[in-house]
């Protein structure tokens, strides 16, 4: 059962990931990303992280990706431009990517496979799934990082606000 | 005895004169310039006379008088500025101060109307000082100082007429050729100092005599130490005394004012080489191979220059070649071991050659600067004093018995005869040629008809007293100077030889030849040389006395090759130019254009160019496209990862 | 969370609060807008003072370190921050860039850097990295009227995000292999041989690449010229220094951990390769630049190459040379960019070196500042830049990296060439026809401060060096 | 800091070194050129006075420069960067003094010589000159290798500015070339210094850059060779020696008169000084091993420099190449490792500064009048400019090495000494003396003598009093040194002899197989502390 | 039970796909999407490790990553909006005013 779910959603994640990367239209790419994220969320559940899975769907797929969609539509950059040599991906770039990614993927996967192979997992434990210890971790040991994240989000808000504001607006000010 | 405290004044006074006149400048009144310019050498002459009196007042063998003025350097190299008055330098001192003063006096008249009168005397005083330094120095270094100093003055005085093209060039040539000789001199000094740690003459000679290894074994260039040093020093002498192959500067040096030619390029400076060889006679005695070389060079120079002298038309050029030729005699003498005879000839030559030059100066003065004998003729009538004094000089150089040149030249020939017959023959022939070309000069100049322009004829006049007085004095000298060295056939012993004996002691008495000639042989030799001289004179008389240049033209038509060769001075200058000067210039150009500009600068240029090129090519890696940058990152990571795990 | 923990955050809190205060004042009391920069500078100074007062030790459960090392690197960051704040004021007003937001962003970026230096744990380090990165992305774009500025930001942002995912992958693997994100645990695990060697190698390589990217070491460098060229000039004084300081610190910390040879002995060589590539390529590319900002960007790459020489021998004694070098770099780069910000008026156009012709005489003080900065960058005594080079080379030679030092001097010879180009353009080229610039006081003060410090420390480095060495050797 | 200020205020080397630099500060506020010039002249004369004041009070008895050292209140040299044992350690001895005096004396001369030639930005020019003086003096007195390096580099920038700002047509090219060549050498020297010091720290367990400490380091031959190469290259580029000499002609031709004079007079000497002071004593075996190669280069330099000088068409370039030849002689003397040769070499450094300095001044004076340095533009100048002609001939003769002038003494002693230890090389070098006459007399020929070919030259004004004043001291010194060199040789003899003894002692030993420290006695031959400020050394 | 390596391999594949996308797409936003994909795959790696180790720290890391991603997205998208206003394109090939 678990295997089936894994296989289905893994396949789904892969296919949608390829679509994200390969589709000409960014809107489709974005939508495919939602699928990937959702599929990954399912895998998170399988891996005993339902809380993260929830967040994945709510925050990631629900909020962040929607932001993407919103911007894409705002800018109306429906398609990648294809005309003109400037915009074509050069052969160096293409082959470099292919070769590099091939080697990287091959090496990484080989190492992963060789390291973990068919290593089986311990059964799921309560502590892993529980939220309370997670909260304890967050607000105690990793409090510093949490505080930084707070500042980070503040920064993001201010930064996005300034960057996206029309320059004309401040000329008056 | 004052001499050992006064010696330093002898060179110092002329130096002071030069400095004073230099400071007073060209705008100083003529009287003050004259007072300083003539006063300084006169004072020097007087001091010299005092010192000489002191010296001669000593009982024979008179010990040398030495004055150490100050320590020139300190430390391991300790050399003093010190002066030495011994028999050898006494002779030179007298010649230099006496002839020198006379020529100063003469110059006051000769140069009276020249621009830069004061400058001239600054140089001349400077020369006197340097020459006296050379003569009086008690070590090789002081001698070298004077040696170079006179070279400088020679340069300045040859180039006195600096606004013309030739004189400065001739001066430059003189200096540079001299420098080539100095190269040898300096090398010799280095070797001496290296071996003995001193440069003081007497110490060096004592040590080299005591040093068994000096005259045997191989030191450098396959020569013994003594030979090496002798050769080096002789190279110096070659330059200074205008011997083959370094004689080329002397004829050109005639571009200077005539009194200069008389003083520097006839009487004093050019004989410095002979003096030096005589001074270093100990070394030469230890180096028989080099002595022979010296003799050969001397003989060759003598005849070579004499033949060139045959075909020159410039009155001073003839005298110049004659000087070269006579210097050859002196080296011939030195080479065969008759050092005292070399000095003897040096002394007599100083008188008669100075006389001849000054006489020619008087002629030129009268001719308003004309030096070509073809434009002269019959000047006897216009310049009586000049003619008669010149006449004396002519007879003296030609070797007419009784006059100075006869005794000294004869002594040299006698010494050569006992040493080497081939050289003697050369010397004898040279004597004949000398008589011939000098007679040619006299006949072309003073006899026959005047061949110059009317204007020149109009201007002909006898010179002022400042010029004629020295002529007369020198003429007297040219007669009597030889009597101090009468040959053994006339006197019991050659007084001059005897006088110099303390300085020039044969290391190996048995070999010293001239004294052992029998009287008969000597008489025969004298007869031979007199005969040759008279033959030369009479041949010239027949050819030139009345007919002027006609005979010469006829000869040149018959044998144009010989004429051209002689007139062209065997084209030695051209050969030097072709085979030494131009290749060197080419080399220098190559050094600059190829090595410096092309190879070194080029490789630097290529280096910078390649650096910039690399940069310029590499800059295109920053394409402006951020995807490329990401790819660099990615590929970098992949490559480094592989490198890490391999 | 105890009071002690908060007090150990004092410098960072001071900076954060100053940033917020500046923003709030701007928003609610417009009359005080002139106060933004003075407040920022004051905040920086206070932070520095607070940092000096921190008691050495760990806080936040061993996640936040306070030691001599962190103190020195923090101070270097703060020096850069303060100088940038001063240098920016005039520029911001001139270019109509919102001052308060800008200064707040600078301060918050500094917070991220300070914390990254002090953090003992990879997760915090990552978050701090992101914190200051986001500030920097935004700051690069602050000159929004200028397309160049935005393009610079986009490039920086895309590269940054791309690299972040690699860093994160590295952190993930470290976590997976050692069951911890703490650096000390990592060190222990490596000693104990826990975890897959090849995976950990990859992970650490990714981390090094990530920090190498922030330091703009070749081959992770390519973004920096474009970004520096487009970003607001005074900000580049910050961008080109502060993140590099923090990153170099973390890098050295990682390399120290790797010094145990548990993951092979190739790490010094790896850094050596990066150093050589950076020095050679950075200098060669800077040589052919005609735009002063790009030139400084490439030269920055080369300078990080020199720093990497010291990093390639990550011994105990490497801290001080790196810190000294970075301080020198901070000062001279601040001087250079402050002058550049004043002298080049047309944003969005190349700042050609040739335009400086004759400025050395027209603006003698500013010209001298720029010239001193250049000579210092070239490593010519008696400037602090030379002291930095001296320390780095000495460290390398002491630890057997003679060849790196030699490559370093040869490369810096190329460097001298292009720094001299600026100097001779300033002083030796005939003056061109340009309108007179009105130079604002703030910018000149910044340039003067930086140049003066460069000179004074170059002539009298003794006290500073002693203090730094003592600090590094002391606590921790 | 207080002790430093105290030191700088007293009659010390520190004051000598720092005074020019400090005196350059008021220049910031001087605007008028005339005022600046007078101010600079006064400053330079004060520096001269200070120098002689120092020499008078610490110079030492019986005409020998004694070794003096600036010490702090604790009787030790001031700490500068204590962490690395770097000290602000100034020491003067018989080797550095002559060059220092020359340097100080040349500054007023240069100022007078540049009075007209420098037409703009006098304050900056003066500041460069003063900084240069400080740098030179510092480099000469530094007894700490780090300090030496700093001063060595400090000289670079002012010279770069002098060439680049006030130079001729291709000034920037020449300035950059000068900078890069020198920098290339000195960067490698920096590496060598650091290596040396790191080795010392390893062996001795403590940091020190002090010359006297590093002298005690006995290194294996291999390491010595590399270190020597680093040091020697830096010095030889500065000298400059064939084949790294090509920056020199360009620098000289483009530099303004004052720059050329300083460059030829002082800067080049620091190359030979450094070689004598550092490269040889620190690495005796290596320098001995490299001797044949360097001798060859020195000889090539002598002959090659002369030949190339001969074919120049630019007066200044000719003089510049003559420097290559002359300094070849100096190097020959140093390489000979013989006391006479060393004395000669040291004297020749001074001589070259005087005579070539004078020649550059003269070329500059001509340039001021005619704005060209090409021979083809001159000829017959002795007529309108007799005083100029006098000085030119005089300086040329000194340069040619005419006895009774200074050049001869140096050359002669070098050759004597070199003949003792190298034989053939000295004889071959002697030929350089011949070549010197050839090219220098060519210069006289083409400028002074012959008919006047250019109308402009007919009316040229002769030297002014100011110009004569700038040349006269040089000419007097040339003559005095030439006539009585003993007074100039004696002051340095002791120091040279000590260095040479130590060098030869070291040579006698077999080099170490591993770096080690020599016992203190080994370096005892060298002058060393402790010394109390302002008092003569007691050895 | 699914072996942990499967998750890891899947994550690796997703990461590489994301990388390829980031390196080959021209539209800035698509590149950004690819980067999000890479982040997501790293999240998967971390969660997988967390599961393997039975340790909640991994979940915490992912939590933080999400926050970071959100912040990045906000700033990044703002940047795209700003640049689009100027240049009417977000094609990175055209964003090459500054180069060489």
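As written, the chain order gives the labels A, B, C, D and E, with residue 1 at the start of each chain.
Everything below uses one rule, namely that a residue touches a chain if its C-beta (ideal position, glycine included) is under 8 Å from a C-beta of that chain, and two chains touch if they have at least 3 such contacts.
Here the structure is a predicted model, which means the values were calculated and not measured.
Any chain touching chain B that also touches chain C appears here: A, D, E. Annotation of chain D and chain E: jointly contacted by B, C, touch as defined at the top. Sorting all chain pairs by how many C-beta pairs they have in contact places A-E at the top. The most central chain, judged by the distance from its Cα centroid to the centroid of all protein Cα atoms shown, is D.
Most remote chain with respect to chain B, judged by CA-atom centres, is A.
Chain B and chain D have Cα centroids lying 39 Å from one another.
Here the CA centre of chain A is 69 Å from the CA centre of chain D. Between chain A and chain B the centroid-to-centroid distance comes to 102 Å (mean Cα coordinates, whole Å).
Centre-to-centre spacing of chain A and chain E amounts to 5 Å, using the average Cα coordinate of each chain. Looking at chain B, one finds that residues 619, 622, 624-628, 630-631, 634-635, 637, 641, 645 touch two or more other chains. Contacts with at least two other chains are made by residues 123, 127, 130, 134, 137-138, 141, 144, 153-155, 158, 162, 198, 202, 225-226 of chain C. Along chain D, no residue makes contact with two or more other chains. Chain pairs that touch one another: A-B, A-C, A-E, B-C, B-D, B-E, C-D, C-E. Within the complex, the chain C residues that touch chain B are 154-155, 158-159, 162-163, 166, 198, 201-202, 205-206, 209, 213, 219-220, 222-223, 225-226, 264, 266, 270, 273, 281, 284-289, 414. The touching residues of chain B, when paired with chain E in their complex, are 619-620, 622-627, 630-631, 634. Considering their complex, residues 1-10, 12-21, 23-27, 29-30, 32-34, 36-37, 40, 43-44, 47-48, 50-52, 54-60, 62-64, 66-75, 77-82, 84-85, 89-91, 93-94 of chain E touch chain A. Residues of chain A touching chain C in their complex: 108, 111-112, 115, 140-145, 148-149, 151-152, 154-156, 158-160, 162-163, 165, 167, 170-171. By the touch rule above, chain A contacts chain B in their complex via residues 89, 92-93, 96-97, 100-101, 103-104, 107.
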